[in-house]
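Below are structures written as structure tokens.
Both of the next two complexes hold chain A, though its partner changes from chain B to chain C.
Here is the complex of A and B:
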């Protein structure tokens, strides 16, 4: 997926064709506290089309709420620059007095639910009716009727009218906030974290309510949330924000299915609502001190390089309706294998096509699980990928270049494989140290002393002892678990960008298996390499996979993000398909 | 609410009982007795012989066992009888009620003035937080409030009464003056009260200013102020319904809580200005060892403090809906 750099302006022009309700230009928000200047929003431009549902996601502190407040010119204690055009009026240039015409009547906001967001000394009724009193010339009865109407609309019993905010539950308060926002029929509704701190049932109710109200009143909606499910159900377009900048823009469904920025993917991967089975791993590190130089995500990105430290990425198109701010054009594809065919000639003269027209892709920083019962062709495919077997046809690209003559496996930062059976993969005769340094010895990397140093480092990382007695112990004296760890250390010694793990735990007992899997995942998160995890164990795959390929009879019969394959279409689907696959495969044998 | 109210009242009754007991014991721990005082030269008008002294001790029951005196005292107090003043020879309750009016007048006026001014200055400071206005106000008011009230009273007395002759030197009303109408009388009373009220108010001002300032600052930072602005409400409405209504809550409680303490504070000021309030009376009665009167004053002040505290409790519940709800749930 090569990035096609298109001038950002072009994108803006294209969006202008449709009627924009709001145009934000070079908006910056800086909070100044003592000597520090905190950039909350950093030169953002954004257009919201009339009638659209736009979502903004990002970790807390990324500037999404500041953006919402700046749109309504509500920032206090901060410095706001740029323009916010609402129907050709720059809201940032208006006085508080003139803003009254726009606030609530044109743009209203459902604030993030907290006890302090409502005035503690006024009743619910008073707070809902206030904007009506201010902005309309209604009689007392009309106002009372309107309040009752609104409360019924949001599903709030009118007996709460005379209550004070602290007497309501979180869900009820959220409804009050929504009712309050609708008092003057706003054209643009900003909704800030509508479902945070609500229980599952209330969450669903609020989402349904917002969708219903949206259909009924046809307002434009800007939803800010860190909850992916909320965003998924409420919006059609999605913006990912990091440290005050937009890093990815695209259609909600597409972005969730296939994020193009490492940060978006990190956010998605941290969401239990999308991945109910997978172990949750957040994005490593935390948003650090702001530097004007380079990419803000540099320190946390699994694929960052020197260039990213110096160059600030701009938003650029990487596909239709998809923009990403990344110096490398979004998530890089490490491995791209296409149309692989491999046939074995059996002893009885028959042919067995183990891999049929199969393709597989692994991108940076992701764990791809290749699942299927034994004999479905998974290991054959793995061997083909590392040039251990020669396919009849098909092409394998590693980092955009054709992988031939073991190019990828011989380089530093290349591709490595760990096999199922540690006893055959590591020589009985060699010592632990020899086994681990062997890949470096082969390519004659640096001096032997440095190789030893590197090997010791990796042995530490896989939690093996590094005493000289252990280093010199011959491999045959190790247990299965230890030996598999040695194999993993050996494969990581060349700092591979892609690790192919072929049933690496199937010979181990469950406890050792759990330890190794978690260790491997931790190393993967910290070092940022990608993994192609080959297994027949669907339960294990569910735990760690970001993407899944299901293989049967040498063919890929299903692929997608693990949330799609395991969650949405259902577990049974996979197991039935693979099991029936095994049966048919067994039948042809 | 009821349950909480009940236990509260029991608490107050117990407190009052302890105070009454202390009130009974404390004067008796002082050296000497009223008739000893009246028997010396300082007693001025009358001189008692040892015989007469014993006679009086018996008459007032002061030679009875202490427990008996206590029980007698308790039963009388409950009936509202604080006894006869030894010096004035008049029911204590009458003397106190006559003087209490003046003290009330001083205290309530100074509370109103200091609260209003303190709140306004506090709000100005909060609004312009960290600007020069805020800094100057803060600095000046802290210094001002550190001056003891009697010292300030003396300075005021020297400068405005003795020096500039703008105000009378002492008293609450011009003696033997005949007023043409009620209005003139009011003017005269106010004229006498200006300096004591200023002295009391200024001392209190620093506290109310700080409280008002902090309260407004914390309210201004609350999310609901932003909600009000977002709703496009008028400035008047935001300041009235959002800022003031919320910022006043702690101030109101503070006013009622401080009422009791202020009566104590007024003692010094009243003495400086020879103002005929309770404080002035207290000093007099201590000088002459007038047990019933001293006890009566102490008791009155105590009851006043307790009532003020109780009122603070009640008022706070009234003005802050959150407290009301909490006590509701407690009773359920």
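Here is the complex of A and C:
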């Protein structure tokens, strides 16, 4: 693998000195236990520039801590290959004696906070003075002064000097660890999970402390964490690691806003810090046994195909400052609609422009919520997307190809729509089975027997009975919730990659709504389809959306990830506009 | 057998009136089909003394030429029913097709068709029927044709409005997104939906056609070769001073009564079907 060029503009101090402080080349770490060889770090190349704040995220066991330890040449019980150049010195080739000069003084590590990192029989003072003693020839008074200085620096009251580690809180211990790392003014600080197992307030304090120290001492920082908030506030560049490899590299803010690798997105989606309202869903499955063939993320990826099983993806640029290791170039765009215009001619001769120059993108595996009050043009847009209405202008691309003549909706693995009203979306007269198999009947998919089999499978998935009496029951004898589920089963029978759900639960009671939403979300996680969820219910959108488009009077007035729109800048804006809109329309649904 | 059972089950949902009407109509059809068997005399030959009152020999009496009235009614049922059913079928299907095209295609075609229908509605139909019947000459086919011309409007309008409504249904929209063509939609969705309404309408049309035919025959514009009920009434009323004689009690009363009973039965049946259909909805 090639070394990764880094050209992140970090700030003024960084601009002055543009050299790499650390260059990692083809670094591999293998742990050998019995006859098994576990690849913790797999041929990684990485350049860290001076003054940069770099973050590494990944699930437990992805190799982030091994990478940190390997940089410090602290790996025991494993074989390490490759090079780690610190200012042109290969740390991996140095003897223990020579390494001492670099450890603590040049590169320091703040270990993951736990009770056993600190020696339980040493007081805090002794603890902090230990590295000072080994690296400086200080007198006792000098040491004592330095310790006090450091403790004040990290915001630790000096009265704790004589305490033992177990008497300190987690936040305090973290401060002790930081103080120890700073004893020799290192140029590169590696911070491993600085905020793990801390409460919210201590977390914020530690983050602020690190940012303050960073500004004061201008060290370069490598932060390893699985806490997105920590990463977001401490770093400017972010690497996602999976099974010992880098899968995505980019600017922290951009990556969090718009992840390009399914794994990164999965991590972000599992973070309550980023999505305080949304239901949390982890990445399905777990990291499996390593195979040299194919993409490591293959089995868990919602968009994997045959090619991914055989071909190992390489890191490649997919945009400015963004690299992704994915055979499909990152998350695929399923739907791309541009400049849609749709005008209705009213009875009185006037024109109503329902959709104005609107575009919408849906990528693989995401739930995009299109919110807006009634009459804002949401349903019109949905109908235009599936060719049920003809727009005056605009282009709709599905998987890169223009959607014309129902191309996307009449294929297996295409795009499907579920309409708002279950009573008009299914025919009163037809039986449940006839309704569900209808798409397959129309496209003449396989034999009728196989169609029936498939329909039964889908009915099971949406938790409807599959007895022959139910299958032959005509839809007029079903309840609204059942009919909506029949409609959902019908839309899923062609295994769509994208499901457009137009207010599908607005006619249903809250309990049925909850069940249907959870069912859809579950199906989405298992089958890996994307959803364009159209609703005027902000609360519901908060629960399920990864991305949000806010529509008003036919225009998209706001778009972004749901954490952005709901949580950070736009929340009040959205809620005010949309909810008051709903109120003024008198809609209770 | 299966269809028969279904039919029985369907009928059993009717009210008493509906059941009686159905029975009467079936009875009339049987009489019409088996007319030569159920009538003891030929309808167009003298079979006894003229103007004899109902008795054991002639259960409904005879007319001025000694023709058996019952035989005439039984044979006349054929003409009445053929005209009724023929007109109803032709008008319903013709009107239905026009309605489907107007409703589904919309636009200019729809507008044109609707304007034609508007014109047809404001035309007074009975005078025109009489003129046309007189102009085309009396024959069974001509009568059916003339009656159809003035009967297709109602089914066309009903079907059009149904299609307009169905067209907006989301299940039609979904079917279209799956790539369904017009033929599929017609077969699977439109026709099954509009058929019950057409059926109700057909019964109404047939009763109207039967009365119109009777009217035309009464005026002497019917087919002189066919012995329809209207024709019997026509001859009876043309008998000078029939109301001063007791002859009207059978010569006029019986055909008039059968006509009334059939039309009433059809009216009740259509009402019944409408009720059952809307209940199922």
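Quick note on the criterion: the second predicted complex is superposed on the first by the 558 of 589 C-alpha atoms of A that agree within 3 Å, B and C clash if a C-alpha of one lies under 4 Å from a C-alpha of the other, contacts with A are read in each partner's own complex, and residues count from 1 in each chain.
We adopt the following convention: a residue touches a chain if its C-beta (ideal position, glycine included) is under 8 Å from a C-beta of that chain, and two chains touch if they have at least 3 such contacts.
Because the structure is predicted, anything quoted here is derived from the model rather than measured.
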item: Three-chain arrangement built on chain A, chain B and chain C clash or fit; value: fit
item: Partner chain(s) touched by A:463 [first = chain B, second = chain C, both, neither]; value: neither
item: Partner chain in contact with A:439 - chain B first, chain C second, else both or neither; value: second
item: Which superposed partner A:417 touches (first chain B, second chain C, both, neither); value: second
item: Touching partner for A:99 - first (chain B), second (chain C), both, neither; value: first
item: First, second, both or neither for A:429, with chain B first and chain C second; value: second
item: Chain A as apex of chain B and chain C, Cα-centre angle in degrees (nearest 10); value: 130
item: Touching partner for A:305 - first (chain B), second (chain C), both, neither; value: neither
item: Chain B versus chain C as contact partner of A:131, first or second or both or neither; value: first
item: First (chain B), second (chain C), both or neither touched by A:117; value: first
item: First (chain B), second (chain C), both or neither touched by A:386; value: second
item: Least C-alpha distance (whole Å) that remains between chain C and chain B when both complexes are overlaid; value: 62
item: Overlap of chain C and chain B interfaces on chain A (superposed complexes); value: none
item: List of chain A residues in touch with chain C within their complex; value: 383, 386-388, 405-406, 409-410, 416-417, 419-421, 424-429, 435, 438-439, 442-443, 476, 487, 490-491, 494
item: Touching residues on chain B, where the partner in the complex is chain A; value: 222-224, 226-235, 237, 241-242, 245-246, 249, 319-322, 325
item: Residues of chain A that touch chain B when the two form their complex; value: 69, 72, 74, 76, 96, 99-105, 108-109, 111, 114, 116-122, 130-131, 134-135, 164, 166-167, 180
item: Chain C residues touching chain A - in the complex, by the definition given at the top; value: 168-171, 173-180, 184, 188-189, 192-193, 280-281
